[in-house]
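Here is the structure we will look at, set down as structure tokens.
Lettered A, B, C and D in written order, each chain numbered from 1.
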Amino acid sequence: MLEEIKDLELLSTCHAEDKFHDECGVFGIFLNEYEDDCEAARTTFYGLYALQHRGQESAGIAVSNGHEIQLHKGMGLITEVIKPDHIKKLKGRLSIGHVRYSTTGMSNVVNTQPLVFHYLNGMLALAHNGNLVNTVELRKRLATYGSVFQTTSDTEVVANLLARYSQDNKIEDALARCIMDAKGAFALLIMTEDRLVGVRDPMGIRPLCIGELNGNYILASESAALDTVGATLIRDVNPGEIVVIDQDGLHSRQVIDSPRRAHCIFEYIYFARPDSTIDQVNVYQARREMGRQLARECNIDADMVISVPDSGTSSALGYAEEAGLPFEEGLMKNRYVGRTFIQPTQKMRELGVKLKLNAIEEVVCGKRIIMVDDSIVRGTTSKKIVQMLREAGATEVHMVVASPPTRFPCYYGIDTSRREELIASTMDETEIEKFIGADSLHYLSMEAMFAAMKSSEDTFCSACFSGKYPMEIET
Amino acid sequence: MLEEIKDLELLSTCHAEDKFHDECGVFGIFLNEYEDDCEAARTTFYGLYALQHRGQESAGIAVSNGHEIQLHKGMGLITEVIKPDHIKKLKGRLSIGHVRYSTTGMSNVVNTQPLVFHYLNGMLALAHNGNLVNTVELRKRLATYGSVFQTTSDTEVVANLLARYSQDNKIEDALARCIMDAKGAFALLIMTEDRLVGVRDPMGIRPLCIGELNGNYILASESAALDTVGATLIRDVNPGEIVVIDQDGLHSRQVIDSPRRAHCIFEYIYFARPDSTIDQVNVYQARREMGRQLARECNIDADMVISVPDSGTSSALGYAEEAGLPFEEGLMKNRYVGRTFIQPTQKMRELGVKLKLNAIEEVVCGKRIIMVDDSIVRGTTSKKIVQMLREAGATEVHMVVASPPTRFPCYYGIDTSRREELIASTMDETEIEKFIGADSLHYLSMEAMFAAMKSSEDTFCSACFSGKYPMEIET
Amino acid sequence: MLEEIKDLELLSTCHAEDKFHDECGVFGIFLNEYEDDCEAARTTFYGLYALQHRGQESAGIAVSNGHEIQLHKGMGLITEVIKPDHIKKLKGRLSIGHVRYSTTGMSNVVNTQPLVFHYLNGMLALAHNGNLVNTVELRKRLATYGSVFQTTSDTEVVANLLARYSQDNKIEDALARCIMDAKGAFALLIMTEDRLVGVRDPMGIRPLCIGELNGNYILASESAALDTVGATLIRDVNPGEIVVIDQDGLHSRQVIDSPRRAHCIFEYIYFARPDSTIDQVNVYQARREMGRQLARECNIDADMVISVPDSGTSSALGYAEEAGLPFEEGLMKNRYVGRTFIQPTQKMRELGVKLKLNAIEEVVCGKRIIMVDDSIVRGTTSKKIVQMLREAGATEVHMVVASPPTRFPCYYGIDTSRREELIASTMDETEIEKFIGADSLHYLSMEAMFAAMKSSEDTFCSACFSGKYPMEIET
Amino acid sequence: MLEEIKDLELLSTCHAEDKFHDECGVFGIFLNEYEDDCEAARTTFYGLYALQHRGQESAGIAVSNGHEIQLHKGMGLITEVIKPDHIKKLKGRLSIGHVRYSTTGMSNVVNTQPLVFHYLNGMLALAHNGNLVNTVELRKRLATYGSVFQTTSDTEVVANLLARYSQDNKIEDALARCIMDAKGAFALLIMTEDRLVGVRDPMGIRPLCIGELNGNYILASESAALDTVGATLIRDVNPGEIVVIDQDGLHSRQVIDSPRRAHCIFEYIYFARPDSTIDQVNVYQARREMGRQLARECNIDADMVISVPDSGTSSALGYAEEAGLPFEEGLMKNRYVGRTFIQPTQKMRELGVKLKLNAIEEVVCGKRIIMVDDSIVRGTTSKKIVQMLREAGATEVHMVVASPPTRFPCYYGIDTSRREELIASTMDETEIEKFIGADSLHYLSMEAMFAAMKSSEDTFCSACFSGKYPMEIET
């Protein structure tokens, strides 16, 4: 097990994507009608497969047959962790699953999800996307009552709260009390022996939607997972809403009704799949529109627009369209990036990014290039790409970024690196431009970003740009 | 992970040793002087290596560096789970370790030990050999207070009790209250950030001893583990005693002083290594003496004594010596019994035991054989061995068993199969003799067994023979 | 080892890309100056990493330290087969490597490359991309002389020929004789203890190019591998040329000078990386031009152009540009396609392609779509994508293919499926259009394809379209 | 794959048994009647399982279905290499298998056996136990004819000879010519599509016997493998005899009739299982008799006899019986010696042998001990055991060795360490006695050894004692 973790460490060292990292993806299903006993697990497998981009560190599936919950999980991709033989053993009509990218560095098998607990009234499985901001306080409070914790995950905190509140209560009542206590961002799935429950934090920071497949309900982090399993998107879970699915169907309870929404704007910029629609906005269209807005804000005289693939492509297409410039594939990505890595020699280390990206000299040589990326985190990769384009003969390289400068860390479930590593928190735009060696550098403005989203600032959490956190953080 | 479990299932199906199975082995060390940061973990590794016979299903080591506890564990033998790279990361001067054979069939990674918990006052690691008999009651009581359980192990119950009792207390005080609540058999190691604690149940059912190595204290299930790491046996932990080892040395507290001792007699008959000395009695000598007693009780006219290797050899040597008969190696064991297995054809299935044992025709042909085994559980293996000896030409096969008939299940941490599978609980000796096809069958009497132990019945738990359980069992 | 092969079988069943498959990629380097003893192996590792798209079934690296050749190879991706510890042991200044996709189904470890042989004059390592068409005849001839074969690969045949011809000869002389005997397509690297030799078949069917890195020579299947390791493309190896690299530099010998060139046209259409330049033509630009040609040949009234990612994107961009239509990302690809797979339920099986591709309803709904793909093999995937687009609301779906219909199998090292599986060999275009359910279907004409290549028919092998094989095939 | 080899290297460093190592075990079967298509492979699996002591480094099974030969092999124990899924695919009525311990250090997957070859007349699988002494000459001769070699094994040399001689011949005729050319020790199994062939070298150095199971013939290195699968020993293959098994039964041809026999005496002393009978002598009885002879030659006043388990036990029992002394188990062996190992600390390194053996203080304390071992190679282990016994309180330790001093290396397939490592080749008995720290040291004399075997010197190869090699060695 630790072997794999070491490999992942190597990965994060060598492949460092210079991007924010999402934390998790969740998927759950309650079957009323089913072909065979493994259908719930199998559908969850495919759902997680579609959500793999939200976490590649560990994966797991729990099922309930009405009496008992069974679990299989481990380190790795869902296809590495769950094999056909495992699916055969995961029998039951309810299932929840989880893919994980750890925010804290405590990446080991004990922190993989779903977590399964025995409590007073039976068994509980939990799968959580998000991050509580008052975990220390809650752990301390629970510990004084005698609670013990085997993991460092806030999901275990939620489970202990649930157990404590469920003495005489149904799980949804206990859960309603929990979400009063738990501050932070969460899209949480809970499975008891006979019920599937979903809840979304009061501001709707992390996404969670409801789907339907042949009369069966599904809960998933993104609508693309619904498409993949052939289900239809019904609606998003509302911020502060608890959704209970049992054999009588879907029941909703609006526990908290916050006027402030705070949907994570970075889901649209980078995290979510372009083919997902979150809180009624399609991600691809949002990105393309951000590209168009960007073109309106910049006014660069150039020969062509290229993107840093794959995440910059949608906005680059929007930019090219708006600017009336040709879009070209000036950078090619190696599609077979592995998970372990040989340390490069000193000479090669300087090349670095070439292992993943390569400039096409025939395309860029002698040309004035506008290069679109979705965001800049540390700036080191951007610097190398600009250099690569110049070496391939580009006469000008203008870097345009389809989001504002990322200056502040996220406390709501996203791994944003430490603040001092965020280039935009220590340098102004002129300094960054100089650092990355571009002829010019342009970020999307906050206003243009919200305009692209066709919505206002107070619908979103954009704290990573503005530092205005929608709720207080435990220190 | 589950792959390995599947293999283990195959193993238990195909290799079924027709023996009782021990549950666990524990080993802990507190270093005052040490060569390097990994010495505690390395010594624990070797200690567990010497205790591997007590559990081959999972293994784990936890260390503390004074501030924090780290853990590595997994399914498999200690040499499969702990690799050199793991040892390098397990830095700290305290360490506890565990090897496990599951009694309950819940053999998965979540039940591996040591278990590590965060609680009010810091961190706790637990390694447990034994079985509580009032777990259901304790879990229920704890659950009403809001406790949740991630495993099915009673060790987690103990951890929750400890956490609950340690609000304002030192760990040893909390532990003293725990062992008032916890009924059953246990030899338990607890490690905090800076202390190593050992406790043995009030009747001393499961073994635990104290050793010393270069001024450092060790706690271990068997003295053979002390020998292996070069340590010296100081004494056994007393029944009902808590032993605390910290940088000031070893502190003892006698919490409960039970007049009744109940040392597991089966440790001497089969479980423990012959080179261990438990509660002042050397296992090899006990077995050899049981063989002598057996020879005195039987009076069989035969040509030679052979043993069912390896566990029957010590008593067979005692028998041969007492009976004045030559001891011969009439049965040879394949030393390379693997852990997975190919299903045999029907023809081969009948042979069965030949994969592990083979009779030497040149030795047994035309001879009257006394075959000594340490115990009979289901009798199926004995039947096949008798048949094998006859096919090799033995004219008579007398089976003598160096223990009384095993008629009752164990509730104190030993996997004894279900009662209906114990041949002696459904058949009398004549029927068993007929079933296994021996010319005669002889068991050691209870009296002779205690005589061999040079002690009285009320020093031992011999409930598997007598049904007289030293304490009540939760139903 | 066979486990992995089973997984690959599953892969080919479930993920069947409905594409032709390339056979292999090769990379070799001779270092005159080097930082450390593992630099040759490490550079080869990175070179193969850049060539991974040419074969994902097995990988291997051989090095020579001047006296002896060492080898490490296995089933899997290069990053799975070669770990840091292996690189450390692969010391030497010469290295060749290989990635493989098997054409014949004999996918096992014995057929992995490089192959290493001891022969009269020392040791030989061979890495081969291509396929001989007179293997049966050559094997038979060699066998009558007493040769034995441990693999089914034609590379072993070449090694035996080489050994037979090198009695009194230098390896390049023996090789010159070999390529008189060996009919077919080949780009072959041979490493002796102190020389790196490359040869390309007389018509140049398979690609092989020469690069330079800090004064050291490299041979590689594609120039993108040179870019990745920081090297510069010098030129392609000429058809029929033997290139010998030793400590005195690069020596060339033109063994056969065929007037007919037959560069594989499918390298440009699908196999090679867009950022490679092969025989002076950049692949991306060739594809984009094929898209433009296609737009000129078609005259479709539509709202947008989309591509089947990733291979259809370059030509789709060319098409959109020429047609003056917007290019949109109407289909999204799951970037985390694993290598093992859970069998879908019947319901899901119908969905099939959704695991890899998803239509963006917001983009395509209500729109008339031109969908560009690089080629059609069996047509089953195309059919599902068309259906998916219709279900997402597209009002018209016109499929345009940036190559002519593939009607004939390849015998020169490409896995083209059996002829009866090639939809265009059993249906005419109207039938195919109906089969895939498109509103219209358009293929690129042969003339337009050669126009896009700015060259004539007799420069290329386009037998998969025309059935005109540049050389006879053994039956 | 290389990972496992590294582990094996660690093993040989840390566990160094201080014993000679056997090279290989072979097993083959031809089924006329069978339950299912996998029965031949399954029976071979069990046969190899019984021969595992002859080689733990790699294992493999080849089967023929009459038309084609299939193979599965790999590094590791037979139970690690061959899994149930592999057996299912190994269909055919003929099968041969191999377990291997490499003599030369070239321990990698390419040298695993069986080796399978295509040659002029079809396919050949070979499994070889032994060592040719004129390989260099044969390889050179074959290479001048154009042969290439992919392995360093002499089995590949035999295969090339066979191919060369089988132009117009049946395999057994070609084989007859081969064994004229091939000097050395060999017990070789060859499988064609429809025949199983066995051959033993002209002096019968390595063992090979014929068994019968339900009318089907078996060839195996040792009779214990026959017992394990339920077969009956018919006879040994004669030195210089070729045995052909096909659907018409067993055919024999005596190719060479050498007056000199040279059965390896070390098979009886250490290599073979005690339950095997080789060339009409049962191994256990031979060892016991050697112990008796030893007791007659020594005249030691002592309290008890103990053995170094397991290999010294049979002769220790013979010694004790003859000397009229009690046999005790004074040394206990850890039965769970793993295959990888943690490097011990300096302190522990001195203990060393304690990881495998432990003295029982209660048995040996205050006693005068005769310790019997089968042989001494380097003497380092003996030295540590003597020291261990003294530390446990033994007042005298007399080491008696049930074989003569091993002074000369073996060239016939046994790994004897280099000559300078053989303690008896550099020290006389007095020096060895002093080195190992025993009160006295006694070896069995050559005369007594042959007396125990009830045969004369010229029946055996005892070159490792005498340096009189039965045939010349290539220098």
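Quick note on the criterion: contacts are C-beta pairs under 8 Å (C-beta built on N, C-alpha and C of every residue); 3 or more make two chains touch, one makes a residue touch a chain.
Note that the structure is predicted; figures quoted are calculated from it, not measured.
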item: Distance from subunit B to subunit A - Cα centre to Cα centre, in angstrom; value: 48
item: Subunit B-subunit C separation of Cα centroids, rounded to whole Å; value: 59
item: Separation of subunit B from subunit D, taking each centre as the mean of its C-alpha atoms, in whole Å; value: 35
item: Junction residues of subunit C - those touching two or more other chains; value: none
item: Topology of the chain contact graph, where touching chains are joined (line, ring, star, complete, other); value: ring
item: Listing of all chain pairs that touch each other, if any do; value: A-B, A-C, B-D, C-D
item: In the complex, subunit C residues that touch subunit D; value: 1-3, 6, 71-72, 74, 85-86, 89, 109-110, 115-120, 124, 139, 142-150, 152, 159-160, 163-164, 167
item: Residue ranges of subunit A in contact with subunit C within the complex; value: 35-36, 39, 42-43, 45-46, 49-50, 52-53, 56, 77-80, 82-84, 87, 214, 224, 227-230, 273-275, 277, 282, 284-285, 288, 310, 313-314, 317, 321, 326-329, 332, 334-336, 338-348, 350-351, 354-355, 358-363
